[in-house]
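Input: a single structure, listed below in structure tokens.
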């Protein structure tokens, strides 16, 4: 045993959360690095990373239902919206222009947001039992349109299109997290909060997908009839997949606008659903770490392209040049989706696997 | 199963350690106050190095940010000329010797908000550490989203919107009247010209449309007219509801606050279905392209255009300077006029701050609060540009009315010069109209 | 009565545009089992192209030219972005078409410019009186164009060799390949037809209005249409397209009077509500082929 530390001696060991030493080292290193970020980066980047962490929670949720359980959902924006509005309404200012109950305690509204979205997921799940593949995709897209209509119309809750309302107010142990404090700025506090939440939700998701439930979901994805034959209750597991995924979406939606402090109902549209799909496709389908990478990538992409004019002189930073940075941003977004899917369909996670395998067998790699 | 527990424990311990440690990273947003050119105090967004495109390399540089709707938002057709006009405006200021020992740069930090409050906030956070003030923040709801931060950081901003709320915010240096009083004047004007019995406000939801509708309602009540309120969304295919409401309701006058394509669809289709009432639209509703659309005959017959100042072709020193600076290569558009007018107060504030030897953010805000008058070079009536008093006394109440005209390069010519209707004259301006 | 008939005519007019768009989706779906989200971009490209061509050419020449150009664009997209993906999960390919849509629209948007563009059609907003009812000419033009195009398409699929090849490929790609049918050509042709139809739909939809960047959203109306009609039924797409158009128009006219909940913008989402209701009863749409499940 001593000479072969990597040898698995039990199934349980192979299925454990961090089953190899490099994994343990890398995860540890990344977490330490992430925790040290607030002391090295400026506030605007930190805010972006905090948003990335929230998006990652949402992407993990979508990956559970689409990546692991194989139920293509274009309705993620709808569940994000439910979470965002539940949280904002619960923690909102009772005196404000929009509905608010003044319950600012973070755990309370976060769980409520998740629960509300999960409930919506449970209501939608029966559709998934009847529909397959692209039919389901379009129907969940219908949810986004109907939801957008509802949220636009319900101005007492949402402020109405083009107006919006303040986002959820986070307090933890009586501390306001969205204001600059004595020791930490707002961005530092929120980044750390989002990071901790992301770690918690990522570990929970990882535990779910390596459990009996996770294996059942994968069986449903790979061949639902075969899964039914070996005794998996399709209705039950599709229901679980939608409920868990929507819970994550609700939590992500609740947190997503905390850093910005403001959001409007038009945000929860088809484009948002597509962004989340892009996150898991670019990150890597049916991987938790891929979801996080994809979410970070999509969140940082606009910022990266906005820095491009400094490097590429033919891009004009203004609105009037031949090629503007805004056009580059939009085109790059499209091209990246196309490129990733054509050349590396396993996404960023796949690139990481290839790099790892290269060095694993170095110098005999080819 | 031991491994995860150990790592979890380690992670938690580490997080706890960090949480106990204090943030030791230096202030990242604010620069420290320094002595700049000619003994002027400066902090953020002002350098003694010249601007990237400086005319006089010996001068320092004041950086102003621009957040506008430049790519895909509904007001792109206005926002791009506004942004270009502001570039021209500050270029002219720089050519005339700049402000104090400084030139003004409005080209380095131009960001796109897609007319979305969230993106607006995001790009604002990006440029905030590098700019002294905002030369443009386009849109009412978008600006509302960053307003708390603007106030907390004393970032003076020139808005690109006419919401009545700006009259009550010190950091926002608005120009001209607001949508609310513009609509009051429009109704008073219509009462004088075609004595309508009923008014309908067809408007986008949000501070833009709501403000105009609120003003229309006040004026309709004052004139004893029947008032109905119809909300609509932007987008050609979203107008069916508004069209049905107008055709069925048959109002004598419609106050329109939408985007240009929405307006074309609404006016064209209602006319095609037999509607003969009048329309008066607020300025963002207009685009010269409408006169080439299928709705053009209906627009010429039914439509009038209100505005907070005279159109591109007007004969004032300010308008002339604008046309000369922009040159003849551009397609005239009243976005240029608006961008140009909106820049005057910021110029006046910068000059005053330089006079006071305090070009810090706080100094600029103090200068704004002390502004007694702004020289608009005749583009606004006298008395406009007072920021140091009660909003009820300082608000500009005059607006103009124009009509569609093929001969004019921007498609409209003024028919009624600056006037204040009785409703707006008596209105007690104590809070934003729509609140 | 007049009001009802006028509402019906409006519904049939816009419904026939939805039908054209939906047929494009269905043809691509039948050949590749993929929903192409690039249709909105093709639609916008067609309309913008016509708005430039009419400056030089007569309208009735500009439209076929633009349709042909967009068809070529469709072939190019298929060859460059989709052919390498054959055999990959259909969902992934659908997302690629989303990327294609984004890229094409950015380029087309740059050509729309700042001011709104006009399609230059001969009908405008003029009305004609039929049996005492004022009807806008453009709705008749939309309906007529669609009837002609649908008839031509059915004839093509029924009587031409290539149409037969396309039907064979839709039934079973491998068997079709074994019969000597060039499946690649079928793919290219289906993208060409879908592109041309989308271009024509773009022209029809901007008649009487104008072209702006938001026009593409109308193409998404075809999504509930194809689900309602059944993903693999061209006839279903036509019927469902007209149905959705009429439903939308009637809800727009009468919804607000039934209850304020159904007023205003509710007409916009009524196709999706209709879709959800129908799917609860018929999971494969009105005319879709039921998937045979074999253990």
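Here are a few things to note about the model shown:
The chains carry the letters A, B and C, assigned in the order they are written, with residues numbered from 1 in each.
Criterion: a contact is a pair of C-beta atoms (placed from the backbone, for glycine too) under 8 Å apart; a residue touches a chain by one contact, two chains touch by 3 or more.
Predicted model only: the values in this text are computed from it and were never measured.
Centroid distances from chain C, each centroid being the mean of CA atoms, peak for B. Looking at B-C alongside A-B, one finds more C-beta pairs in contact between the chains of A-B. Remark: chain A and chain C have CA centroids separated by 33 Å (rounded to whole angstrom). If each chain is reduced to the centroid of its CA atoms, chain B and chain C end up 39 Å from each other.
If you average the CA atoms of chain A and of chain B, the two centres end up 35 Å from each other. In chain C, the positions touching at least two other chains are 264-266, 268. For chain B, the set of residues that touch two or more other chains comprises 71, 80, 233. For chain A, the set of residues that touch two or more other chains comprises 152, 327, 330. By the touch criterion stated above, chain B contacts chain A in their complex at residues 1, 3-4, 7-8, 10-11, 14-15, 18-19, 22-25, 28-29, 68, 70-71, 79-80, 83-84, 87, 107-108, 110-112, 115-118, 121-123, 125-126, 128-129, 141, 144-145, 148, 204-208, 210, 233, 435.
Listing the residues of chain C that touch chain B in their complex gives 6, 109, 114-118, 121, 124-127, 134, 136, 207-210, 212-215, 217-218, 221, 248-249, 252-253, 256, 263-268. For chain C in complex with chain A, the touching residues are 29, 35, 81, 84-85, 88, 90-96, 98-103, 105-107, 110, 220, 223-224, 226-227, 231, 264-266, 268-269, 272-273, 275-276, 279-280, 283-285, 291, 293-295. Residues 72, 127, 130-135, 137-139, 141-142, 145-146, 149, 152-153, 225-226, 229, 270, 274, 277-278, 281, 327, 330-331, 333-338, 341-342, 345 of chain A are the ones that touch chain C when the two sit in their complex. Residues of chain A that touch chain B in their complex: 12, 16-19, 24, 27-28, 31-32, 35-36, 38-40, 42-44, 47-48, 97, 152, 155, 160-164, 183-185, 188, 192, 196, 199, 203, 257, 260-264, 266-267, 303, 306, 317-320, 324, 326-327, 330.
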